[in-house]
Every structure is written in structure tokens, then in C-alpha cells.
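Labels for the chains are A, B, C, D, E and F, by order of writing; each one numbers its residues from 1.
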Amino acid sequence: MEKDRYQLGIETLGKLTGDESDKVVKNIESFSPEFGKMMIEFGFGEVYGRTHFSLKEQEIITLTSLITQGAGERQLMFHFKAAMNVGLSKEDIVEIIMHCAAYAGFPKASVAIEVLQQVMEQE
Amino acid sequence: MEKDRYQLGIETLGKLTGDESDKVVKNIESFSPEFGKMMIEFGFGEVYGRTHFSLKEQEIITLTSLITQGAGERQLMFHFKAAMNVGLSKEDIVEIIMHCAAYAGFPKASVAIEVLQQVMEQE
Amino acid sequence: MEKDRYQLGIETLGKLTGDESDKVVKNIESFSPEFGKMMIEFGFGEVYGRTHFSLKEQEIITLTSLITQGAGERQLMFHFKAAMNVGLSKEDIVEIIMHCAAYAGFPKASVAIEVLQQVMEQE
Amino acid sequence: MEKDRYQLGIETLGKLTGDESDKVVKNIESFSPEFGKMMIEFGFGEVYGRTHFSLKEQEIITLTSLITQGAGERQLMFHFKAAMNVGLSKEDIVEIIMHCAAYAGFPKASVAIEVLQQVMEQE
Amino acid sequence: MEKDRYQLGIETLGKLTGDESDKVVKNIESFSPEFGKMMIEFGFGEVYGRTHFSLKEQEIITLTSLITQGAGERQLMFHFKAAMNVGLSKEDIVEIIMHCAAYAGFPKASVAIEVLQQVMEQE
Amino acid sequence: MEKDRYQLGIETLGKLTGDESDKVVKNIESFSPEFGKMMIEFGFGEVYGRTHFSLKEQEIITLTSLITQGAGERQLMFHFKAAMNVGLSKEDIVEIIMHCAAYAGFPKASVAIEVLQQVMEQE
């Protein structure tokens, strides 16, 4: 049922974003409720809500995909924080970035390192 | 020392490719010894030879990067086999692909599923 | 309800693939039922099943996205045929490809033209 | 003749950018007259000046290509405004973005939604 | 005048493809005369016909762009042959590929090496 | 030996960045010494330190790869300055960008032109 996918998405978002959870959900839904609903139901409910991999393992996949596709600062920041909320350390993230340097090239890895540095300085 | 990075690369390739190890190394080095040397020393020695993550975790990163960048059949095949050689199951790989569907789009996930099917049928 | 998204996905796939509909669905679900279910429910049900744009307009979006991301032969073939099943002409598709030449570069446009030619010759 | 392609490009730019037309042309040509000339003659004259599709349909193609290739804020902003100048509504653009979520992944769709929100707030 | 851009494109294609020139042009124009005309006039006339860089230097740019965007076998083959027709050696091309390994990742470089090997074996 | 690759990387970075050399190296190494070491040893030592192509020719390859992959402002800025430090003129860079317009699409070329303009205004 739609309700469950949405509910599951909200719960997963809660684990990924911690204290900022309510703000993040409100933000996603504010501008386009339809897009927000789809992202919560499918992205965070149906996909992130799967239980085969832990949230920590899922963040390894997410970070790798973001770095490889050259995602921008906001996307990287959101998921660097989420990754640390579910148990990845700074060292883990640097290792992911180093692996991506070989697989997706140094320019994308360099951008990721710079954004990670910004995130660490904010903490 | 160069020798160690090369040696480490050969050993890592051995773990990833199992029985086909010698053939793979010979193949990499046959056409362009310089490119082959760089790939073994850097790609498989310096990067894959790191020990922070297990080879299994590193293959999760590699597969995600390959799927996200729309890598072709040969690249996907090589690493689907390598991933299974170091401990990922068919189910693990399908989960990675499903996560990538949300993060890199369904067309790239569909290609990955088709190539995985081919690999499974060859086994 | 899950059932409706799935049912809607099957119906949309039917319109896109015409006579080959049953074969396509069986093919999608054969190797990984979970991935197949997600693709039918979300990709073809939740997304393609939206009614704001016609299927013809949605295929314009799909083809543009596929050409821009450098999708391979099988993906392009499937959607060139689907596009023609829902009302796009050869001329329409060539125009999309020409627009993409300027926005995504000539190499990707050339690949699309070659695959379109193959599709037309099969008809 | 070169003259006509240039003239056609200027006219098309005029329809896409409305009141800001003169400023945009001046901006394109100021730094590198040669690049500016090529973009106006080929991009806006030869390609956008085609009449098979309406400007509204052409903007659907442009927006899809930009979102799929992960274009940055400035590119997205320019064409969100242009799209609205030639008749696409906010709802139309959100639908394009939702379709792209499935075809190019949620990170690129999320960026597009955020930039669209900024554009709507400026109006 | 249109005629000159077309004529210049044909001449440039002639230098890039040597003996196969007529066949290539016929092939480009056979399926979609409009797309073919655009590719010859703009791609090979207006862009490749520029004289600031030599054809050899222009092929360095083309090969780098193709490898970086993960272009397929046919595109790479065409331009590996063209590159050798205008003076790049196998060694030059391998060096371009090695540079791209660092900038665009090893998977794309590996594909390029494999296709180059096929081209060399055909000669 | 590791030492030599590092030393070679520092020297190459020195040629690319001129007066800012020390600052750049310190910056690369400050946040993650391991990533910084890898980038200097492999990226600037092993790859950029090759002597087959001149640094000027290598920058043509780097710029093309960055533009084609849609690299962001910081990456483009760094290498536009480096390119000029090793002998490429503004005209050379504009020609590279124009060639990339045809091969990677106008949106990426437009971004590059805008960033180049910013770099020129800073000088």
C-alpha cells in the first residue's frame, strides 16, 4: 500500500538525517509535493528501505554513484553527512573516494575530497 | 618500490580472477606493456591492494562505479565474475543494481541486469 | 496498492510494445523477479503511467535521455520501436537526434542514427 | 548563407529569452565573438530554428538533455526560463523532471527541482 | 554559403578517412540526408575545417573527448583510423589513453586500449 | 621508487602552477595526506610526468577531458591557469572549447567559456 512505502521512506530518511529529519522532509515536499512523494516513497522507501544491505553498505553504493556521476556539492554534502550518521567514518569515505579516483578519474575524486573537507570543518 | 606495486597488483588480480589470472595478466600486458604495467601497478596494486576495505567491499564500489558510468559488457562481465570470486552473491549484485536504478537511472540498471544474466548462464 | 502500480505498468508496457508485450514482460521478470517487479511497478507504472503527458510526449523525453546518456543499442532499439508504437514518426525521431547533436554532441547522435537505421531496416 | 543562419539564431533567441534577448546576445558574443557566432548560428539558428517541432517541444528535448547530463545551475536556469517563455508550465517541467528521475536517476532530478524552485521564487 | 561549409566538410572528411572517403560520405548521407548534411557541414566543415589547430591536434581533442564520454567501438574505431591517417602514431594514441586513465578512469581507458588493439590487428 | 614518483609529481605541479605551487601542494595534502600523496605520485608524477607529450600537449588532453565530463568551475579554473602557464593561449583554449561543442555538446562548451572568461578577468 502507498501508505507503507511513504512511512518506510520517512523512517529511513530519519535514520539517514538524524536531527534534521523533519526539516529535510518538509524541504523535499515543499516545492513539488508530487516529486517529493515519489522521492520519499520510491527512493527512500522502496529502495533505501530494502534490508538486504545495511544502511551503511547502502551509503557506500550511494556515495560511489554520486562521485562517479560528478554530483554537485549539495548532493555530496547530504550523503557525506548521511553516511556518517549510519556509521561510515571519515577514513571509510576517503577510501571510497580513492577507489573512485581509479574508476571515475581524479577530477571527480578531487571534487569529492574538497566537499568532504567542507563537511568535516562544519562538524 | 615499483616492483612491489607490480607484485601486489598481480596478487590482487589473482584473487579477483582466480583460475584465469595468468591469462588476464598476459592479455593486459600483450598489446601495450606500458598501459598494462600502469593498470597493474596503480589500478590493482596501489588502489585494489589497499587493505582498509575487503576485496568484497571494494567490488561493491567498483560495480557501482561501472554501472553508474554506463560501462559496457566486457567491463561489467569481468567485474561481475571478480565480485563473485571474492564473495558477492548473485543476490548481492542484484541489490547493487536495484540501488543504482534509483541513483543512476533504469536504463543503466537494465543493462547491468542483462549482462549479469549472461554471466550466470555461462557458469 | 502494489497491485495497481503493477497492473498499470503492465498496461503501459502493452501500449509501448504492442504484440511483443507478453514476451517483454516475461523477459523482464525471468532473471530477477524483484528487479523486474520494480521496473514494471515504478518505471512503467508509477512514472510512464502518469497522464500529464501523452505516451508520445513521454517517449520524446525517454529518447532524449537515452541518447544524452549514451545508452547502448538494445536500450535505443527498444524505445525507438516503442516511440513508433505510440505515434512518433521516423522524421520525429531524426529531429530529436539532431537536437541532441547540439546538446549532447555528435558522437552520441551518430550512434542513435545508426541504431535507428537498423530498426527501420528490420520493419 | 551565413547571414541567414545568424539572423535566424537571433530571432529564435529572442523568442526564448523575451525581454532579456539583447542582453543575452551581447553576453554570448562579448568574450569570444567566434564561439558566440557559432552558438548563435548553429545552436540557435540551424538547430533551434528548425520548424518540425515547436519551440515548446524543442524545450522539452533541451531540458531533458540538460537534466540527464547533470548540467549546472546556470544552464538549467536559462532553459527553465526559456521553456516558460515558449509555453511550458511549472507542472510540465516538474513532469519532465519526474520522468528523468527514472531515466537518469534521482540525484540529477533533485538538482533540477531545486533550481526550478529558485527560478519560480525569482519570478 | 551553405555550399562552402559542405564542400569544406567533404574535403576534411577526405583527409581523415583517406581511401574510404567516398564510402563514408555515402554512408553518412544514406539514411538521413538531413542529419548527414548537418554532420558534414557543421561537424566536419565548420568545426574540423578550422585551421587554428592541425588535423593531428584536432584528433587529439576528438580522441580524448570520445574516450572520456565512453564512446562505443564504432566511434573509437573511426577516429583511431582517422588519427593515424593524419599523423598520430600508435604510441601517441596509447599516451592519450594513459592520460585519460587518470582523468576519466581506467574502465574507459581499458575499452579504448582494446579497440585500438583491434584496429592495429586489422591493418 | 616511491620517492621519485612523488618528487616528479611535485616538479610537474611546480611547472603547471608556477608561483602558487607551494600553496597548491600544501592544499592537496592538508585534508587527506593519503589522497594527496596518491594524486601527486600518480596523477602528477606517473601520468603528467611522462615525457612523450609536452606539458602543453598534455594540457590539451586534460582540458578536453574536463570539458567533456562536465567538470565544475574549480577544476576548469585550475587547468585553464595551468594550461596558460605551460604555453596555451586564450585562442588555443577557445579552439579546444569550440571543438568540444561539437563533440560533447554546447552546454558543456558554454560553461567552459564562462569559466575561461572569469579566469581572464582575474589576470
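Basically, a residue touches a chain if its C-beta (ideal position, glycine included) is under 8 Å from a C-beta of that chain, and two chains touch if they have at least 3 such contacts.
Quick caveat: nothing in here was measured; it's all calculated off a predicted structure.
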Partner chains shared by subunit B and subunit C (touch criterion as defined above) = A, D, E, F
Listed pair (B-D, B-C or C-F) duplicating the C-E contact set, over half by residue number = B-C
Which pair, B-F or A-E, has more C-beta contacts?
-> A-E
Are the two sides of the subunit C and subunit D contact the same residues or different ones, given that same means over half of the numbers occur on both copies?
-> same
Counting only C-alpha atoms to place each centre, which chain is farthest from subunit F?
-> C
Where the centre means the average of the CA atoms, what chain is farthest from subunit A?
-> E
Mean-CA-position distance for subunit F and subunit E (Å) | 24
Indicate the whole-number Å distance between the mean C-alpha point of subunit A and the mean C-alpha point of subunit D.
-> 29
Subunit A touches at least 2 other chains through residues 38, 42-43, 65-66, 69-70, 72, 98, 101-107
Among line, ring, star, complete and other, the chain contact graph is complete
Residues of subunit F that touch subunit C when the two form their complex | 102-107
Contacts from subunit F onto subunit B in the complex sit at residues 1-2, 38, 42, 46
Flag every residue of subunit B that touches subunit C in the complex, lowest number first.
-> 70, 72, 94, 97-98, 101, 105-111, 113-114, 116-117, 120
Interface residues, subunit B side, partner subunit E - complex | 31-32, 34-35, 38-39, 43, 65-66, 69-72, 74-75
As the complex stands, subunit C meets subunit D at residues 42-43, 47, 50, 52-53, 57-58, 60-62, 64-69, 91-92, 95-96, 98-104
